[in-house]
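In what comes next, subunit A is part of two complexes: it sits with subunit B in the first one and with subunit C in the second one.
Coming up: the complex of A and B.
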């Protein structure tokens, strides 16, 4: 089989193909004049989806029923607390980041404690956890909008060699995730757990340890994304995470990760994140009304999932 | 045998096979009105299959089913019920969320219409009072709230109840397994009354004295065939045990009896009944009837020795699954990944997988155990069942764990593969590995150095060296009275 055809068997190719087509249709409206602007905007906004999507992907890899719905609340809480702690001082950037990571670890630990100790299904456990976290965010925030430290605000909104800085951060995290998934024992473990938990247990895999690590990883990525997003948008808002609930799950599915678990891939997250932003901006560029735009977005997402799903079924 | 009476059910030359496994190999069996037929046999003898044929759940690939001298071409569950064939299953079959009365309505389809509750209540209460006089089960209770014994009682009463179509043949598949002695007595008395009134019963039980005193005629099955059929007074306890076992020739595969009791002990476990002990280099068999606690012991041994939170650096036990689909293969993965998952600790440095060493080890074991595939990177599901099982063996043997737990791993494996695996097991045992082997096949149990025989979740007997033979194992599996 030649390499080109083999490319079409990878699960992520469809999200890349779709986002390329949409990108092309968008820049064609302006006959190429907006190429750089659209690309940079797409990379910037995709970066946040990529970071939360990666965490969600690891959790979904754990198998049916595993999902983290506390992502948006964690983002909001981490952003709020970090900005309040840094208090517009550049010297506090590092402590702010550390606190952000600590928040992620605590939320992840609480999530898995609920799942394991109280035997609550992950969907309920993380959802109820998200109410607690969101309330904590409201309590710390109290309607104040604190600006990020100037250095951090500059960093998140500027480019290096034409590429947005946040996209570069997301790329580094993606490489780390890919490495974990493909090259380490941990990656094998979570894939095995996702395919069959009893089989994983009988093969001597520390199932609970691996699952805990995964929920921690997801929550930390969510809080880091919240930290970056708050700095990028000039301050934390209480609803800043809300759109990332659906987004984090959608990019995993569109990216070709098996919803039933056990089989995931990192490149698909990028293709899907770019696609999700570009679809909306394309429909905006074509000047469609809000109602039509939402319907079109839904239809396009469904058709991409069908394409990717059809390919999977035929391979089996 | 035909006589003046017509047989309620006559099965003639029934053959049923599932893939390569012959479950029934030409079984002929007839049940006359007014007799109780006892049916006995060891695991996989075909008892449950012949029951399925009689109650219409299974159509034999060859042979015929006749009732009242009338050959039935289109025989099914509904046809069987219409002729008054009823069945009490080993697995309880009532709906737990419904009340006893409502379950009665489900069993008897023509109970419908206005006021069915009253009628159903009358029918089931009458039947319960007849079979188990003095019981205290309220018919409006939900089945899920009943104890296991009460559920079994309701199920038995349900089978004997009459709503339009009177029961003519009742099949009792191990009905007394969850009843205590006095309830079992009541049920057996009812069986005799039912038979005296002209009904027929097929009675399956592993408690031989029940069979001997209740049946008029006893049929012994083995390997899908009827091997003995005599009036009950022609058998005694000992003769029955012998009839179940003696068909397979003794001495297929010479037993290498090895006394390992002197070797250092490596694992012990206090189960119910006798305690379990394993020595280095020993092959230990777990025998007895299927589902009497062998798998539970293996799972307990595994759970006691493996961590759920942190990886074991030097695992003591490794596990070969029998139910490949449930706790064996990872279906999305390649053969190589399926093989290496249990020994990744040795194939990595600081959590990083060493791809080269993984490949080498995989290729090595592919050669050693002859996994038939052109490429280890093919998906595991591209292999035949037997070869998948070999991969699971290789997975376990490639670890450094000194104890290998095997949960009836030869289910559905062809003869050639079995012989290859037996050889590997013997070689590994000679090198000092310990095997704990649950098997439902007598030939495999006879390969073991020492055998624990299970009954009702406890270890009933321990056989060592030359005492490991079919007669002893069957005697131990059928001995004892239920609690």
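Coming up: the complex of A and C.
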């Protein structure tokens, strides 16, 4: 088949096309003068959605009902605790990161223990867990706004060779995720579990181990995103994770990952994350009010999913 | 156990037991709550939550999930506090339009084979935007008849209890006793067999979403009756509360296995959990966390009873 046509059958091409169109419409307002600024801002803000979206994608791959709602609370808690621990000292950056990862591991472990031991549907288990984690964040935060260590603040807000550093971090994590998903036996396992859990179990796949690893991975990515976001925005705020709940789900699905599980792809997450940021900034540059902007965002999400969904239905 | 219960009734035992236990704990902590006024205060906010939970339950009955419930109820609250009071005809038209949109969403989701999570996610932005357009700042005023309806004092039992019972009975009749209800649950169970039996799945799914829209509209109106004013973010937490209420009430995510009476009880339990925590004088920092813990305990309780039930059956 023609390689160009084959490109159009990949599930992620639509999110890339959509974000390119929106990007083009945005820079045309200023006749190209804002190209670099818009692109860098888009890459920076997309990076956070990419990191949480990747974790959410692995969880959604596990099949229907698997969604991690504790992502925002984990982000907030990790950001708060890490900044408090680092206490504006550059020497504490590494311990801060380690504590962040440890928080992710604990939250992920609690999530999966609830799902497994109490047989609670994942949505409810992670929701209950997120309440507890959110409370822990409120308790540690106490309205304090501690600044990040200067080296870390510089790192997260500056560029290397024109590309924002956080975007490079997100790219490295994406490559790791892509490798895990496409090239390792673990990736095959979670796809198999997502397609049919009983069949996967019969085939001798360690279903519990793979699911546990996935929830751990998702929670760790959420906490790392929280760590980076807190440093990027100059301090942790209690509501800093809230928009990433819907965002993490939206980027996964717009990126072409099957909501029913078992079929995922990494490039789509990037396309969708860029798209979600660019839509908002496009509507901003056109000077629309908050209400209209929200309505447009919603309608655009629905139209993208209708285009992509219709395509998949016709292949079936 | 000498009493043989149907599986539907068994499904209700656990939610009812957890509500009773929680209520007993509240009465023990604060005996003064055991009065007409006390009960009304405890359960007042449960009425809109119960209605939203029933709406979510209808969507979950066809194996979908509605992530726009919170913003939709907020939008309806905005309409109620503005148009429904100042221009009733326009207000009613908007509400009917909103219900029609819901039914339309059901049809589109089915026809295009779309994931309901994403479509409702997109719609949550739309409803949120419409709400912001209507009421950029908190305001408006509830229509007098809504206010009267929500504060009326019926004899014997407080309004909140009477309303919850009426909601439960109506939803039970519609979902469990009517042929449309059977059809909706059938789609959740096995759409293909429903289709083979000669029914239109598209119409039934549209009807399920439409009915959900009706209950959600009632939730928004009831909420304004209690709060007397509205804003675009007034009911955002209803999305998660309604899902939790359905699950607490014995419903399930897939398979069309839902229980309307259970859902109302689940909503009451969630509302009561909040009051219980404030009676316990838990530090405000841990209020949300304790609510999560209560959710976990109730579900653990349900698992335990399920195991006992299975052992009974095994004998």
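Keep this in mind: the second predicted complex is superposed on the first by the 316 of 316 C-alpha atoms of A that agree within 3 Å, B and C clash if a C-alpha of one lies under 4 Å from a C-alpha of the other, contacts with A are read in each partner's own complex, and residues count from 1 in each chain.
Note that in this section a contact is a pair of C-beta atoms (placed from the backbone, for glycine too) under 8 Å apart; a residue touches a chain by one contact, two chains touch by 3 or more.
Remember, predicted model here, so these are calculated numbers, not experimental data.
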Figure out whether A:185 sits in contact with subunit B (first) or subunit C (second), or with both, or with neither. first
Contacts of A:162 with subunit B and subunit C, given as first, second, both or neither: neither
By the touch definition at the top of the document, which applies to A:198: first (subunit B), second (subunit C), both, or neither? first
For A:263, is the partner it touches subunit B (first), subunit C (second), both, or none of the two (neither)? first
Subunit C versus subunit B, contacts on subunit A by residue: C
Which of subunit B and subunit C A:246 touches, first, second, both or neither: second
Touching A:209, do we find subunit B (first), subunit C (second), both, or neither? first
After superposition on the shared chain, which partner residues are touched by A:287: those of subunit B (first), subunit C (second), both, or neither? neither
Taking the superposition as given, does A:91 touch the first partner, subunit B, the second, subunit C, both, or neither? neither
Note: overlapping subunit A surface for subunit B and subunit C spans none
Quick one: in the complex, what on subunit A touches subunit B? 183-186, 188, 191-192, 195-196, 198-209, 212, 258, 262-263
Quick one: which bits of subunit A touch subunit C in the complex? Just the residue numbers, please. 64-65, 67, 69, 114, 118-121, 123-125, 127-136, 138-139, 246, 249-250, 253-254, 259-260, 289-302, 305-306, 309-310, 312-313
Looking at the complex, which residues from subunit B come into contact with subunit A? 302, 306-312, 315, 318-319, 321, 326-333, 337, 341-342, 344-345, 348, 351-353, 395, 399
Complex interface listing, subunit C residues touching subunit A: 67, 108, 112-115, 117-119, 121-133, 136, 240, 243-244, 247, 252-254, 285-293, 295-296, 299-300, 303
